[in-house]
Amino acid sequence: MRLLSRTAVIMTLISAATLLTSLRPKTQKVIFFGDSITAQGARPGGYIERIKQALTQKSMANDYDLIGAGIGGNKVYDLYLRMDDDVMAQNPDIVFIYIGVNDVWHKATSGTGTDIDKFEKFYTAIINKLLDKHIRVILVTPAVIGEKNDFTNQQDGDLNAYSQVIRNLAQKFHCGLVDLREIFHNYELKNNPGNKESGILTQDRVHLNDNGNQLVADKMLEALLAK
Amino acid sequence: MRLLSRTAVIMTLISAATLLTSLRPKTQKVIFFGDSITAQGARPGGYIERIKQALTQKSMANDYDLIGAGIGGNKVYDLYLRMDDDVMAQNPDIVFIYIGVNDVWHKATSGTGTDIDKFEKFYTAIINKLLDKHIRVILVTPAVIGEKNDFTNQQDGDLNAYSQVIRNLAQKFHCGLVDLREIFHNYELKNNPGNKESGILTQDRVHLNDNGNQLVADKMLEALLAK
Amino acid sequence: MRLLSRTAVIMTLISAATLLTSLRPKTQKVIFFGDSITAQGARPGGYIERIKQALTQKSMANDYDLIGAGIGGNKVYDLYLRMDDDVMAQNPDIVFIYIGVNDVWHKATSGTGTDIDKFEKFYTAIINKLLDKHIRVILVTPAVIGEKNDFTNQQDGDLNAYSQVIRNLAQKFHCGLVDLREIFHNYELKNNPGNKESGILTQDRVHLNDNGNQLVADKMLEALLAK
Amino acid sequence: MRLLSRTAVIMTLISAATLLTSLRPKTQKVIFFGDSITAQGARPGGYIERIKQALTQKSMANDYDLIGAGIGGNKVYDLYLRMDDDVMAQNPDIVFIYIGVNDVWHKATSGTGTDIDKFEKFYTAIINKLLDKHIRVILVTPAVIGEKNDFTNQQDGDLNAYSQVIRNLAQKFHCGLVDLREIFHNYELKNNPGNKESGILTQDRVHLNDNGNQLVADKMLEALLAK
């Protein structure tokens, strides 16, 4: 009887543990898929680290496993080429796609940007592959190349156009959207009265400073929890 | 006495003629100095021809001699190179400088645009040469490369920036200004609800259609007579 | 016994048919995978049609099924994006990869060329996918952008460099190679004494004229039969 | 008579002085007109300083006054814009024009290179202005952007083409020529067996290292003294 009761106790404990486990939501794997802005976002002080801290403060640290998958210089077709290895192989639950700056910027700096129709094609192919696996997809528009707030930055026309492509894709595929292009523009209108090129949300016109990383973290967290 | 009176009559007539001549203002030579938009502006239906017609209707046809000096593909430094031959040699009273589209556009189409600091340098050199000869100078901002009205045309950022350079130069050198960039933008906001790329004021995103030529003619005439 | 003998006859007939079928070589499906040069190559007078004619003359028309899969404006990453649909789905035996002109050319004409390291990466990915399915792969270097034979065509440096990448890949992966870059250069040295930009092997510096299509057909056929 | 003889003595002395002055050749003012390569050429170890040292060794230091007039980032039209201030105002006897690298290079790095027909036009205008003042003009072809010796550097095609324009202008206007493009190519064929991108004659594919400065100094001195 001692033995039986021991077994019973163990069984009861297992049941309780199982119950607790099932009550606690499964940890969701979140991949941030992008370029150098995301590569830097995974470093201390970066936006991904700031999202982790915010989740810890909300006692939600175990709910999400945040993984940075940013590589410097990446354009949309680079994401497509490496998505099997760097995204699908990890079986994520949620993927943020944060791409577009280099697709626009490299037109001027090395003649190797991406035509807007090709940008849409590759972006669509990435979304389709993710949705096929029932992965939740959140799109992010490219924020800025230059922080002047009156549309006098060289790439403003293209950034507006490529962001519009992304907004349309988010709507078409019912994906989440973090519209950094609009968020940054509104922020600059309020907080960049001197119409500076950098130093408000970026260090160098493109890569985020502390303020920029915090703003991106806030907005991405909002999108992550919005469901 | 007959002789005297005859002489007197002749003298009186001459005086009257002289008086009339001095009352009629001297014909002012006006040169439109620019690129293909101005080359087309000198053709039938072009903006220069339309200004002539408007002057004729106002019985001012003899007040101004309008001369087109536009050459396709020209950028600001091309104007500088040919200004001795094509402008100074004609001793104009007034010069419209209408340049900038190719300085921006050729960055994307052949890698041979003009850096914004060089644009300002050559533009300044042209203004200085004209003002040295006490020629009245009227600057014109580049209107559009693409007619979409939400700043999603590829070159919108640069066109806004280069136009700002021109506005600043107009102020600095106390020149006249026809701010086509702003005029066209406001027109597109009102008259391009479908956000089309062309067909509102241009045939092909850049070169003026009838509406465009008329709008430019109206605004240039206004600037010409504003004094 | 009648039944048995009937079966025997049928069996014998089937054996004979099988034998005949095995004696006649299986028709090999050959895909020409490329850009506008290949799209034009599939039209009457194009290089693919000329290969068909040559095979017919050799009584080999049934040995090969030649399929054009060229799309205008394609670069290496476009081939990668569409290779599942346009190549793998057809189960080819042999694939010619003829790409590279736009990867180089679009740098100058629209700022949307392909960096050389990305070119190699995508090219490698395409080869790997084909070799995985035991498809015979034959690489083709980009011939010309401009026919001047003294390396004064604007893109000569890049075409030489990208062709070298392809030659190295052919060696590394033991693929066939049709080195059009070298073949055309040698042809121009002999047959373009006036150092013309076009009209020798191309219509317009890039797309093949009759001579060009014939030269490409001859060399591709040679590579196809070389085994 | 004393007075007369005193005058006679003075006259004689003046005559002697004049004679001596006329025997010693007048110091020739030489301007090196160019871009950053020439700006660096005027620094210690630079090619202009090396020419000075060579002249000193030949006891010809007083025969030539060498002046560097190089500004970083300059293209042919920048030389034209500043030639009145930086060249003509100094009344030089000899001018070396060493330009072209940025005209080609900036196509790829910022979309602001110079079309080859415009390059020729501005170059011609510079030559004409100098020859009008009977200044001896020596043209210099742009050496390298990348030191690989098999014409696989990205800009090789353009550098060859722009150099050909300069060679033709030298012939047309009977100017001197230092054909660095050819000189460097021959040097690389012999001394760059590893086909390296830099480190043979340049530090960074474009700007001269010690070897490069010495080679340029040797060839420019040769051209300077060749008369």
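Some points to look at:
Letters A, B, C and D name the chains as they come in the text, with residue numbers starting at 1 for each one.
Assume a residue touches a chain if its C-beta (ideal position, glycine included) is under 8 Å from a C-beta of that chain, and two chains touch if they have at least 3 such contacts.
What you are looking at is a predicted structure, and each value in this text was computed from that prediction instead of being measured.
By count of C-beta pairs in contact, A-B exceeds the other of the chain pairs B-C and A-B. Distance from chain B peaks, on a Cα-centroid basis, for C.
The distance from the centre of chain A to the centre of chain B, each centre being the mean of the chain's C-alpha atoms, comes to 49 Å. Between chain A and chain C, the centres computed from C-alpha atoms are 40 Å apart.
Separating the centre of chain B from that of chain C, both taken as means of CA atoms, is a distance of 54 Å. Chain contacts: chain D has residues 107-108, 110-111 touching two or more partner chains. On the chain C side of its complex with chain B, the touching residues are 107-111.
Residues of chain B touching chain D in their complex: 77-78, 80-81, 106-108, 110-115, 118, 121-122, 125.
Taken in their complex, chain D has these residues touching chain C: 107-108, 111, 146, 150-158, 160-161, 164.
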